[in-house]
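In the two assemblies presented below, chain A is common to both, partnered first by chain B and then by chain C.
Up next, the complex of A and B:
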């Protein structure tokens, strides 16, 4: 289907969809009391992630990070998908999924280590169910399908046991759909009917290449070519994204195979801090999407329905500001990495060649140490 | 008090132009408030403040192009770290303006040091910060491969003067540096080099000088049609008596020499100035080129051996020599020598006699050549034949040309018609 699924308009009004409804799962309801509580929690998620993302962009300008890929504008897509995941599901992210990382319990400041050059990953992927960021565009779609095949072989699909049935979420952008790896991953996923959800955040720009050059048809239609279902959802609508991804994950967990979800959103910021989007897109286009802001529309809805009052928003604002300061402080305090970390963190069992090189580097470091002492 | 250093807002940018200030001296600013706009090779970028406080000084002017790492604004931030003593020159060298990589993680520490330095100097607005070549670093700056090379050469990097402006020691700088110990290998680019003469080479030199300056040499050569020998060699290679032997024409010549020496014992004798010592045995030397130099092992009592025995013995002798396993006894006591210069594609030469002997035969390359033959009906014709040249050097103190020529003629006859060799 190519129709855009939407459950919350840009004015913050709830609407019905014939196929999909917003129904938070039991765990979310239990944690936040009721549906309004879940919506407040999602707004808080999105606001904290945006504050973090803005702080990270600023930290790059301060000279504290080598590079930063902003997620500004894509918060609803990422929180919607992230909150739909079960604890035992597994995510293969690109480098821009800060909101999904947050939902997996990754400390956001730990995302900075890679971009500061002080860490390779920053979290335990197995513990969080969240793989290291893939900088290579689309390469991790294959990893996701491989992991999902493993899930299939483990028999953790279609048992009807919610604590056992597992889905894999592969997150990438519209640019990645032009990559061979992503297309191969989709062929393989269909061949073996693995429990994977391909979650495409269509943010309209592959660095400076517009979506119109990437595809002649809505990306969601590609799913039928590979032979599995696809959903096209308003990626700036956190309710709709949650509902669609929830359904897609359930489809995968129940053993019905892969699903493609195209979340239509917009990258409000630059591709990375190295990029200048004013060179290839217009202010008019940006303004259109500013009016579709994912945080504004949910805030409007919560105010209009009385689910959140001024005091709640004031408290959120204070929390968010303190959060930004905390990220900055902890970023400054990140320790310098050991030059030996590359050897120690690449393979489980180090190869003989690398072991020899490690010893060589260790000797060089000792040499430096000696020079330091001699001074 | 803190200075904001121009960051690298791209990946590996080295400089940016100041487009415009959004704040003035005396303004109160908050963290992440936009301070100014810069233009890099890639984009126009707004820079947010890392500090909160009062703007004390704008250190660069609009329109100025500034190197990454240069202080651009000073802010009186009460929460900024206390000012430390001015940095030592090495700190500036290690973290100077052109350091593009790696200042991120050290920023917190290095900024304080630089802040101290800046506060100790007076920088007027618009003053261009100095980008002079830094003083030599106490901890020398060098890449790991350069450090490794320096260690291998025994060079103390502290003694090396970097030629690069950023103070980083390059591979080239090492060549000008004093080494603690001289390298073992001669530098590759020397136009000349000396190699000490020892071992086999030294022995050869001594033997040749002793022979050449004591025995007056005379060398005779003969060119003959050896086609029948070549045919015999081919035949004997199929002969079961010579199974396992790589039969060559050298074996034929060894046999020919042994037979001819019976008739010309002078060439198997030795001159010592007082008398001539004749031998009733032949210790046949075969010159062999080995990786260590020329050696001449000899086959003891070669005249007593049958054809197959001689063939096997010579093969074993030459193999042992080529493997470098020839013993001194193998090389002592020779009476006559054959040198096979044909394997080197050479036809003839003037071989020098092995000390203690009186003659040496050089066997040249066998070549296909036009040759005048006498046909069965007695007429002459030109045919393509296998042709070889023999060069015989003799000690002219007691062997005259007549004796030498007769010996050479006999060898040539055996080579032309090897049926009499009894192989």
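Up next, the complex of A and C:
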């Protein structure tokens, strides 16, 4: 179970795996016509997300964001997992899952609000099936398990009705696997046999700490200690990641309980824009992973098989360029938050103490406004 | 009308909440077949099943984090923390997750979670079994903190906390679980949850207590009365938010206030109440607001815990000092 599942080599050649095959679900096939169409769509997904991520890094450099956690290099893991989800599944992300957010229909520019200090969350979590970012490492793995326990108690697993059976995806990284909460989440998930998939993006670095500081065995092997299956997949291979997560989600939805997926990938960028990876890792290591780039290998495959021609790539490039400009423009145009919002969002029923504080701030704001008008 | 201990009243409150709303689920260690180490959930798993009353793995952070996920799925989880001192493994989940999740969702999510914690000392226990952590949670925006001092309040306040849409830390004075009895009329309409209450009228000084120390304050008032001194006693009931109107009204009449709690004195609820009284009633005060509380040490050995806990004598001594000021 520590073998790496791969369906597309770094040279863009399709290979077989004895257990897992790439078989896009009916909805994806219907949307994109055929398998080649699905692959083109996945390449488009990854390319748009990478452009967005680069834009966000640039926006931080220009002072438009306080901070940005780049997803560069992890696009295949995130799009593969994201496209395997059903509309009614639910995702508990950390803060780097930009590609999964994209697959959930979250407007990527809405991910910026948190890092710009404009809003906490720019979408309706219930509508998108996508929770707000979780920044305390691994804490949300438990929320995913609790949600999945609710799904189980609602009878929304193992009915055989694809529109009803539901899985929950908990996304976190290799660093998070050391957290007590992640381990407790796995104990609870196993104990109650809930429909959750623990999706670990092993990107090899927890800020400056290498994978070897977190574990001396492949992370996937932890699954057997908790008593559920695990898969180790090439996280830079979107076909393999899709296939493995699809299988894991199906396992969960059918009532067979939790699954761990270790997607082996690499954080090509910094941990966040405040980080300096040159202090702790080498160019040689980066070069190795650059050759495993998730976008390059799918592009090679599509060109080699004739599934996409120059005209298609040119159109994609134009779309991506316009997309980047749009992200920039919309980021600049994000409205300023109200200083009163946090008073209104702390409780369902505001307390008298807080209401009095709110009134105080409201009066101060009114004074500021009067002074502004007078000036 | 039935006579119930605090433990039975809380049990009856849980039962009624579960009958009234099938989204109410209980989670905790040993709460199923055993009925909890204090038997507060006795018989509930038998009657409501294993999906409504969940024995959990032994991990407090896991229990609270799982409750959050259940709440997000539309359930109303009621968590039992086995003992006060065992709540700290769940501290991040309570303070960073439960408390902040509504804000994090931009006000879109609500978390109707009740975290029940047996608290307080006086039971001759070992370390971690006699603590009073209320200030830790009252200091945290996003949480509400209440405590009952008697079976009637226990019955009603627990149901009200479960029906409330914000997360509530529900503190239960464990030494009264089986020792305190009261007549309960389930047909009565309870007063509001977040309200303090004058439980004994008086004119010379105001004793402000909650949870286990309400009994101490009432006993002190009895003894003071024999000496010709009239003490008013207020049961705070709600710690966050504080309901200061009854406190201020009382102190304006008596001119003297003494806060009594088991938690460590420094940076505690007493300090907050004293500051608020000073802001509200400065010109009515005849003496500084005094505090009779636990000391600033970890909870002591059980053989000397009565030297540490607020006693009737310590309360009366504070009254003397306030009157003599």
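Following the convention adopted for this analysis, the second predicted complex is superposed on the first by the 367 of 375 C-alpha atoms of A that agree within 3 Å, B and C clash if a C-alpha of one lies under 4 Å from a C-alpha of the other, contacts with A are read in each partner's own complex, and residues count from 1 in each chain.
Rule of thumb we're sticking to: a contact is a pair of C-beta atoms (placed from the backbone, for glycine too) under 8 Å apart; a residue touches a chain by one contact, two chains touch by 3 or more.
Every value quoted in this text rests on a predicted model; they were computed, and no experiment measured them.
Student: May I ask you to name which of chain B and chain C touches more residues of chain A?
Tutor: Residues of chain A touched, chain B against chain C: more for C.
Student: Under the stated touch criterion, which partner chain does A:180 make contact with: chain B (first), chain C (second), both, or neither?
Tutor: Only chain C is touched by A:180; chain B is not.
Student: Applying the document's definition of touch, where does A:351 land relative to chain B and chain C: first, second, both, or neither?
Tutor: Second partner only, chain C.
Student: Taking the superposition on A as described, I'd like to know which of chain B and chain C A:279 touches: first, second, both or neither.
Tutor: first
Student: Return first, second, both or neither, reflecting whether A:67 touches chain B, chain C, both chains, or no partner chain.
Tutor: first
Student: Figure out whether A:338 sits in contact with chain B (first) or chain C (second), or with both, or with neither.
Tutor: Neither chain B nor chain C is touched by A:338.
Student: Give the list of chain B residues in touch with chain A in this complex.
Tutor: 4-5, 7-11, 31-32, 42-48, 50, 102-108, 138-140, 144, 147-148, 151, 157-158
Student: Which of the residues in chain A come into contact with chain B in the complex?
Tutor: 54-55, 58, 60-67, 116-118, 273-276, 278-279, 325, 328, 332-334, 336-337, 360-361, 364, 367-368, 371-372, 375
Student: In the complex of these two chains, what residues of chain A are touching chain C?
Tutor: So the residues of chain A touching chain C come out as 92, 119-121, 124-126, 131-132, 136, 139, 141-151, 153-154, 180-181, 184-185, 187-188, 191-192, 341-342, 344-349, 351-354.
Student: With touch defined as at the start, can you tell me which chain C residues reach chain A in the complex?
Tutor: Listed in rising order, the residues are 25, 51, 54, 56-57, 59, 61-62, 64-75, 77, 89, 92-93, 96-97, 102-110, 141-142, 144, 164-166, 194, 240-243.
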